[in-house]
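Take a look at these structures.
Each of the next two complexes has chain A plus one more chain, namely chain B in the first and chain C in the second.
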Partner chain A sequence: MRVEYINPFVESAYNVLKEVLNGDVKRGELFLKSTAMPVLGVAAIVGLAGDVEGRVVFDMTRETAVNIASAMLEAMEMEPITTLNDMGRATINELANMITGQAVTKLHDLGFKFDLTPPAILTGDNMELSDSGVEALIVPMEVPQGKIEINVAIRERA
Partner chain B sequence: MKWNKESDVKQPSAERRGSAGLGSALAEYRGFGMGFGRESERAEEIENIDFKMVTFSLAGKDYGIDIMKVKEIAKFGRFTYVPNTRPFVTGVYNLRGEIISIIDLRLLFNLPVEPRDQDEPQDGLILRLENNLIGVVVDRIDRVVGISSESIQPPHPIFADINISYISGVVEHEERLYIILDAERIFTKDNRATDPQQRSDRGGERAAVGEGLAAQPGSDVEYRKQPTAERADSAAGQSPGGLESGDSDAGSTEVRDASATREAAAGDDSEFGFVVDGLATFGKLQYSAVNRDWLKQRYVQWATERRSAGKQAQLAGEQDADEFMLPFFSPCTARLWEQTYAEAVRAVLPDFDAAIVNAWNPGCGKGYESYSLAALLTEAYQGKRVKVFAGDNDLLRISTAPSLVLSPEEIPAYLQPYCAETRNGIGFSDRLKNSILFEYHDVLHESDVPETHVVLCRDLISLLPSDEQERLLTKIYEALVHGGILITGKNERLAHDGRWEVVGPEVSAYRKV
Partner chain C sequence: MKTKQDFPSINERKAEGVKEDGNGYRVLIVDDSMFVTKQISQILTSEGFDVVGIATDGEEGVEKYKELFPNVDVVTMDITMPKMDGVTALEKILEFDKEARVVMISALGKQDLVKKSLLLGAKNYIVKPLDRKKVLERIVMSLKQ
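After this line comes the complex of A and B, so read on.
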């Protein structure tokens, strides 16, 4: 993945998580992955198009998703949730949108033109994620509510 | 693992951690400080768990095997005894219709076996090796442990109760020390030796360097292949890897055995094998046809120097390995190419018909060489569009590449027109920068490589595991256009296998035939 793309994603993930969750955010070590990898249970996917093609996946356990959605809802003085209902999914969608949106804005400033697709949420057990012919950059983030793995795979359009 | 060729003079593990970014660097730092145990553990938790192993115990000690090698965990009962085999071959077993042979790891490693009821099923693992399955009996299966492969430490010769070449590393997890066994080395023959075509390509020497029992006569590889065959030599035959030696000398005997098999490779000195192993252990170089000529010549020189200094030729540590490797690296590694080298490279560049000239530079590090190459190509192919794809798996280095800052005195004349004043000092002009695409990329991963005219891959191939070396060469070959040029390290040689044709005496370069 092009080097210039890395930082915008890492920074916006850090900033947005810190802002919406109002807690300690830690970033794990970045690494590359090219093989199929398990999805923890809840995956929000945002597609990228434009100069490049690719997608960003936000991967977390169901429990983490509920915790994060609750924390975000409470911050807006709304009822927290106990199971991953429509409200919870919409909240996670919004988080994915915020992070990707901010990253794309930063990339725009650097001169790269990206468009976003609306986020989609996948839930289920024993899911796997694989890309062919493109490496994924893994950005592990740890927040008080649990772990989120941000999986970015971007390819230059030939 | 890290395949960055710029790691030549520094400790690779430290480098790797360096690239990890703030989070883990901090964790590392705290780890050293002690007393911050919990803190560092927490930081490590979010580190990358990328290696899982099935752990088990043998004679009270903990061992692990890479989970990717384990097909399943099984309870073995009712083996079919096979007469006249080595003692560690427990028998054959019917695994849902497939007959697999069963090895008792305790007997193989010469460890005591607790007496147990004959009919009681025993814990075991079914390992999936290169082409077949093999069952191993252990004392007790423990569990699956996930660790970060960076925390694995290389084996130390002190673990002599199991032949060191069977151990791929040691790792501590939750205050237990696990010895990670290398299943392939224990049970598999070096597959390079079994492929007749490759064998003829590379000569027998390479095969002989293969680790483990494989290279030794009467090895268990044969048992694996024909578990039921009669084996008259088993009683009198030579014991593979000191299997039957029960005395305390076992470890050193094994090591001597192993080196003896490599004697053929060195021609005159059994210590050659140790040096080859040492280089691989310290992550400096993997012995292969690509670097064989250099390695042999360097070894002779090294041994002479060391003996005259009253030292052993063996590499006693990382420092020795670095010293050994010093002459290996190509001119102008990890810096801008000097005028003379640039001119030599320019001389091997052929004319291409295409309107776009692509170059690929895996293992580009901080990008000094990619810039040099891009400038040369721009110069050589005026009127054509030049694009250099440069990649490295060291995040820290590659991150600095797009905005490299130069000191005026290090800029050779041919690069002068491509330099410009930037915010942080003198850097490359946007024109040159725009012709290079720096990517965070691992050459070992599957990825699309665009059609390429020039590949710059100096001193990288030799650092990869030997099977990956061949894979990368094939990848390069396939990516190159007909007549495309591969520039390798000055001490790297490609086999004369009809794929490559040597060009230019001053730069080690090959043309795709």
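After this line comes the complex of A and C, so read on.
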């Protein structure tokens, strides 16, 4: 997978997380996976289809998802959550929307044309994620509320 | 020497969402995200706006507008929604009421649709992530047009 696909996601994740969580965001080392990999517990998945195709997954533990959603809600003077309820899922969904929205703008500026699916949220224990025919690049992002792994698998359409 | 009374109290500032007659401007929020809906209502009600309706897709948004008409001053309209997207809903609302004030809410990456909406007659647009200042500024601006 070309690294230029992942950079817009890393940049926009950094910008959006910094803005909505109002705290330090640290980028970890990027790594490559071509085998099935475990999902941490809560995954927001966005599909891409067009000149390029694939998917982006924002993966985090349930605890991190609750912490992040609560921080986003509190920043808006809204009630924080204690479990991952509908409001929590809607909040994580919106976070994925904001990050992919910014990244896509950057990719469109680079000349790639494609559409996005609305984010879907998967929750559960012992889940695994695998892609056929495309490697996934993963960038961990550390925020005060926990760690989010941005997992991008994109290829040019044949 | 200046006394406390010489300074206007911040409490005396007129809330942005309150009309001359003391009532709040009436807002219809159309958005499929529960988070965004809450966020917009929180920002607007804290400034005296009156959220008169919430719809979670474009189709429901058009229906609610017709139902509430003429008691809506401004509509916030998400672009990407199930059943009917925000651009189509904008068109339908403007067909029904050409004076309707609609402010589009968009994620980045939808510039073409934002442009299309403005050409169709949307009064303004707000790009997510939403913040208080941006939301109030754009909505107030649309009310003054």
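Going forward, the second predicted complex is superposed on the first by the 157 of 158 C-alpha atoms of A that agree within 3 Å, B and C clash if a C-alpha of one lies under 4 Å from a C-alpha of the other, contacts with A are read in each partner's own complex, and residues count from 1 in each chain.
Here is the rule we use: a residue touches a chain if its C-beta (ideal position, glycine included) is under 8 Å from a C-beta of that chain, and two chains touch if they have at least 3 such contacts.
These figures come from a predicted structure and were not determined experimentally.
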item: Touching partner for A:L116 - first (chain B), second (chain C), both, neither; value: second
item: Chain B versus chain C as contact partner of A:M37, first or second or both or neither; value: neither
item: First (chain B), second (chain C), both or neither touched by A:E4; value: first
item: Chain B versus chain C as contact partner of A:M98, first or second or both or neither; value: second
item: Touching partner for A:S132 - first (chain B), second (chain C), both, neither; value: first
item: Which of chain B and chain C A:E19 touches, first, second, both or neither; value: second
item: Partner chain in contact with A:E156 - chain B first, chain C second, else both or neither; value: first
item: First, second, both or neither for A:P140, with chain B first and chain C second; value: first
item: Which of chain B and chain C A:M76 touches, first, second, both or neither; value: second
item: Touching residues (chain side chain C, partner chain A) in the complex; value: 33-36, 38-39, 42-43, 46, 80, 82, 107-111, 128-129
item: Residues of chain A that touch chain B when the two form their complex; value: 1-4, 6-7, 26-34, 132-135, 137-138, 140-142, 147, 155-156, 158
item: In the complex with chain A, residue positions of chain B that touch it; value: 20-24, 43, 45-48, 50, 393, 395, 398-399, 401-402, 437-442, 445-448, 450
item: Residue numbers on chain A that touch chain C, as the complex places them; value: 16, 19-20, 72-73, 76-78, 86-87, 90-91, 93-94, 97-98, 100-105, 108, 116, 118
